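To keep things clear, I will list the structure first and then write my remarks on it.
Labels run A, B, C and D following the written order; every chain starts at residue 1.
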Amino acid sequence: MSGYFKDIITGLKSLAVGLQITNKEFLTKPITLLYPHESVKMYPRYRGHIELVKDPETGMNSCICCGMCEKGCPSGSISVKSEKRPGVKGKVLTAYILNFTTCSLCGQCVENCKPGAIRFSNEYNLASTRREDYIFNLLEKLHPEGIPEPEVDPELLKKELEKAEAAKKAAAAKKEAAAKQEAAKKEPAKEGGESKAEEKS
Amino acid sequence: MNELIRLLSYMICIAAFLGLNLAYLGWVERKGAGHIQRRTGPKDVGPYGLLQPLADGLKLMSKQLIVPANADRPLYMCAPILTMVPAVLLFVAIPFGEHLVPREFNFGLLMMFAFASVGGMSILIGGWGSGNKYSLIAGARAVSQNVAYEIPMLITAITIVMITGSMDLNEIVRQQGGFFWNWNVFRLDKSILMPVSFLVFFICSLAETNRTPFDMGECEGELVAGYHTEYGGMGFGLFMMAEYANLVIGCSLTTVLFLGGWQCPFGLFPGPHWFLLKMYFLIWCFVWIRWTYPRTTFWGLLNLSWKYLIPFSLVNLLLTALFIKVF
Amino acid sequence: MSSLAQSHLRETFELNIGPQHPATHGVLRIKVVMDGEYIDRAEPILGYIHRMHEKMGENRTWNQFWPNMGRLDYLSAMAYNHCYAGLMERAAGIEVPERAEYIRVITAELNRIQSHLLGFGAYIMDLGGFTPLMYAMDEREQILDLLESVTGSRLTYCYFRFGGVYNDIDDDFITGTRAFLKRFRPQIPMYHKLVTGNAILMDRLIGVGPVSAEMCRKYGATGPVLRGSGVNYDIRRNEPYSVYPELDFDIPVYKECDSMARYMVRMDEMVQSCRIIENALNKLPEGPVMAEKVPKALKPPNGDYHYAVEAARGTFSMRTVSDGTNTSYRMRLRSPTYSNVSLFEEASRGMLLSDALAFLGSLDPVIPEMDR
Amino acid sequence: MDRAKIKRELENLAAESLPAEPPQEEAPVEVQAEAEGEDKAKAKAKKEDDAPRKNGLIETEYAKRGTHLDVQINPDQVVKAAEILDGEGMTLEMVTGVDWLKEGQLEVIYDYSYPGGQLFRVVVRARVDRNNPDIPTVCHLYGGANWHERETWEMLGINFVGHPQLEHFLLPEDADFYPLRKDFKS
C-alpha cells in the first residue's frame, strides 16, 4: 500500500518537473532561423553542385578536357564536350554538362581534377518544377553573357598551319606514292586501287 | 417573446464566442507548442500569425471531402456533425456571469454529462463508419476510455452536488462567493480530499476531451490519426473544432465546479472576466501538458482510471458524505 | 466490415502498419495479425527502398563506391565511411596517418551523438511526446553545422578516403566542438528530467519488449539492443579498430533487457561519445591527414576481406571479395538494423499494439540501411 | 568459447569432407584450362588463383583479412558446423553468397563472431553447384539466419533447403532474376 502512494507521489513529481522544464523553454527566446527571411550561413567547404573556376588572369576556365571528372563520377552525371581549334593550345571546352538530377555530391570530380578547374559552388537555393532545369551547362553558367572565344595565338596558329600544310603535303605525297605503288602493282585493276587510296585518305 | 429574443441573441453570441475560440485556440496551441519547442510557431500570415486560423479554415473548406469506398456512408457523413452538436449545445448551460447564462437549468450538471457522452459516441461512429481498421481500433478505444473516465468524473461531480446541494451550475458558482477559500477546491471543511478531487476531475476532463497524454483515439504513433484518419477537408475540420469546443467546455465545467466560476478570488467585482481568466488558464494548462508529456498506453490509461481515479473519487465521496452528516 | 479477415477459431484481423506510417521511421511495412489489441503475428516486410548497393559495389570502382556509404545509414554515415576506409586499407595495406585516424574518430563520434539524438527524439515522438524531438533537433543541428564546416555536407558525408580524410580540420572546428560539448553536456540531465523520469514514459518502457541475451545471439542483434540485454559487446572495445584503444571510455550496459534499457544505453552512449571526443581532441597529433602513397586506382590482392565497426545501431561490417581488379568481385554489407529488426517477429508475439510499436522504436531502425 | 576446440572440430569436419567429392571440384577448372589452350603456361601460373579453393581450414591473419579461422566444407556439413559454433556461444553475423561464374559454383559464406568478450571471427564457406544450388538451412539454429538466407536466395538463387519462407523479400514479388549473379544483365 505504501508503494501505491509512493508511486503516485513520485509520478506526480516527475510530471511537475517536466512541466517546469517546458515552461522554462517557453519563456526563452526561440532559436529558429526563419529561412526565407534570413538565410543560412554557408561554410566555405559547403559541397554544392560543381562549377567551373574562372581564371582571374585570362577570364576563362582552366579545364584541359582530360575527362578525369567524367571517368571518376560514380553516377556518370558529367559529360565534357571539347574540340580542337586552330591556333589554340590543347583542347577547347565547348560544353560542360552536369546532370544534377543524378549527381550525388560526392566530390570525386573535384578531387580528380588536376588543374583545379572545377570547385563546389555555394548555391543551395535550387528549386524548380522542371527536370530540365537541373541539367546544367556549367560553361554557360560561368559566362552568362556569352561564351568568349579562346584567344588565338598567332604564332601557334602559324606553326599549326605550317604543320597542317606539311602534313597535308606529306599525306598527298604518301597518297601519290601509294597510288603509284598500287598502280605499279596492279596495272589492270586501276580503279579499285584508286578507290582504296581514297578511302585511306 | 422576450424569452425568444433573449435566446436568439444568446445563440448568436455563443456562436460568435465559440467560433472565435475554436479558431484561435488552434492558434494558441500552435503558438504555444512552437515556443515550448524553441520555435516561433505560426508567424507569417498576418501579424504574429493571427490570420493563420482563417487561412487554415479556407484551406480545409476548399478541400474535397472524399468518402472512402468501403465506408458506411451515412455514418461516415454524420459523425463529424454529431461530434459538433453536443459541443455547441452544452454552452447553453454554462454560466459565464451571474446573469450571463443562456438558459438556467436546475439540472445543468446532469445535462452536461448527458451530452458529453455523445462526443464519445461520435468518435465511435466516425471510427466505425470510415471502414478503416485503424479508425475502428480508435473507435473501440475511445468508447472504453469514455466509459472508464466518466465514472470518476461523475462521482466527483456528485461530491460537488452533495456539497452545494444543487445541480444548477449558476447556483453552484453562487455558493462559492467571497474569498478563494470558498471555492470548492479549497473546501477542506467539506472533505479534506477536495484538492485531490479537483485533480481527478481535471485529469478526467483531459481524458474526456482526448488530449495528449490520453489521446488514445488518435494516437498518431500507432493509429496514424485514429478515428479521423479517413476524414479530409471540413470533416476533419469539424473533428478538430469539436476537440477545441470540448476543451472549452471541459475547462468551463472545471472552473464552474471547482474554481468558483465568475467569482473573484478576493470577493471584488465578480464577473465574466474572472470566468474567462480561469478558463483560459486551464486551457493553457491543457496545451502545456500536451506538449510536455508522451502518450500513455491504452492499458496505462485504464489502469489509471480504475486503480487510482475511481478509488480516490469514491473515498472522496464517502468522506464528503461523512463530513456533511457529522457537521 | 467485410474487409476484416476473420478466422473460424479466433477473431483476428490483418493490419498493415506501413509502408507509410508515422511510427515506422521510413518505408518499413509490418504485416500484423491482430487479435483485438494484441499482436498475434507481426511480419516485417522490407524492400521498399532497396537500391542494390551490393551490385553497385561490383559495378563501381573502389573510389566510386564512396558516396554509397553515406546513403546506407544516413544517420551514422561517418561510421560507415570508417568501415569502408578500414576495409580497403586492410585489403590494400595502406598505413593511415595518426592525425587522420583521430579526425575519423572525432567525426564518427560526433555523428554517433547526432544519430542517437535523433533516435531519442524520434522515439519519444513515437510515444507521443513531440517536444523532446525539437530539443534534440536543436542540439543535432549544432553537430550538423560542425560536420558541415569540415566535410561540406550535412548528412551524406563522403569525407573519408583510403589512407586518410578528405581535408584537414581547422581550429574553428576544434573550438566549435569544444563549445558544443560544453553546451551539450548539461542537456542530457535535462532530457532525463523531462523524459526519462516521466512517470508516463516509465510506464510505457519498463518491462516492455523483453529481448534476452540469448535471443540477441541467435538473431545476431548488436549495438544498443545487445548492450541493453546485458551483454558487454562493443566493436570499439572487443575488436578495436582505429585509435579507439588509446581513448578512454566506458561501454554502457543495462541488464533489464527491456525498451528502457535500450533507450538508456543510447542516452549513456552520448555521454561516452562526448568523453571520446574530448579525449581525442586533447590527444590530436599534428601531421598529415592523408597517407603518402595511395594509388589512384586501388587494386587490392585477391581474396576476402572483412572489417567491422560499431555504427550507431550496432555492428556494421563489410565483406568484400577482391579479384585483383579495380572493382570488387562481391561486396557484402552487413547492416545492424537488418539483424536487429529480424527479431521483431519473434519478440512481438502477444504484445499490445502500442507496446509493439514502442518496442520497434527502441530497436531504432533506419530503413535505407536495412534495405540497402 | 573454446578457440582450440572450435578449431579442432572444424578441422575434423573439413577433413571429413575432403575426400568426398574431389572430381567435381576439379572438373570446371579443367574445362577452363582447355579453353585457354594457347597460353597454357599462363593459365597454369594463374591456376592457383583461379582454381576453386579446396575444402579445409585455414588460419588467416586477422590484421590482413579480418577473420581468424576460414574453413571450407561441404554444403551438407554447414548445419554441423553451425551446431559446433552454436554450442560454443558464437553468433551468426551474416550469411551471404558469391557467384563464381567461371567455376560454375556458388559459394555460401557464413560469418560467425563471438559476442562474449574475446575477439574471434570464423568464416564457414561451402560451395554448391551452380546448376543445382541446394544447401541446408541453419534457420532452426539461428533465427537471424532466416532473413539472411532469404536474401541470399533471392539475390543469388541459392536454395536453402528447409527454409520456412523462401519468398521475395527485398526485390519485388514478381522478380524472376537473381541480380547478384554475375551473368545478370539489367
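In this section, contacts are C-beta pairs under 8 Å (C-beta built on N, C-alpha and C of every residue); 3 or more make two chains touch, one makes a residue touch a chain.
This is a predicted model, so every value here is computed, not measured.
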item	value
By count of C-beta pairs in contact, the leading pair of chains	C-D
Centroid distance [mean C-alpha coordinates] between chain C and chain A, Å	33
Centre-to-centre distance between chain D and chain B (centres being mean Cα positions), rounded to whole Å	65
Separation of mean Cα positions, chain C and chain B [Å, integer]	43
For chain C paired with chain D, centre-to-centre distance based on mean C-alpha positions, whole Å	28
Residue numbers of chain B (touch at least two other chains)	36-39, 291-293
Junction residues of chain A, two or more chains touched	15, 18, 21-22, 25, 31
Chain D, residues touching no fewer than two other chains	none
Arrangement of touching chains [line / ring / star / complete / other]	other
Pairwise chain contacts under the document criterion	A-B, A-C, B-C, C-D
In the complex with chain C, residue positions of chain D that touch it	49, 63-67, 70, 89, 91-94, 96, 98-99, 109, 111, 113, 115-119, 121, 123, 141-144, 146-148, 155, 168-172, 179-180
Residues of chain B defined as touching chain C within the complex	33, 36-39, 70, 131, 133-134, 136-137, 141, 212-213, 215, 219-222, 224, 291-300
Residue ranges of chain C touching chain D (in the complex, touch as defined)	45-47, 50, 52, 54-55, 58, 87, 90, 93, 215-222, 226, 231-233, 238-239, 302-308, 315, 317, 319, 321, 324, 329-330, 332, 334, 338-339, 342-343, 346, 371-372
Of chain A, residues touching chain C in the complex	7, 10-12, 14-15, 17-18, 21-22, 25, 31, 43, 45-47, 72-75, 104-108, 111, 120
Parts of chain B lying in touch with chain A, wherever the complex brings them together	32, 34-40, 43, 288-289, 291-293, 308
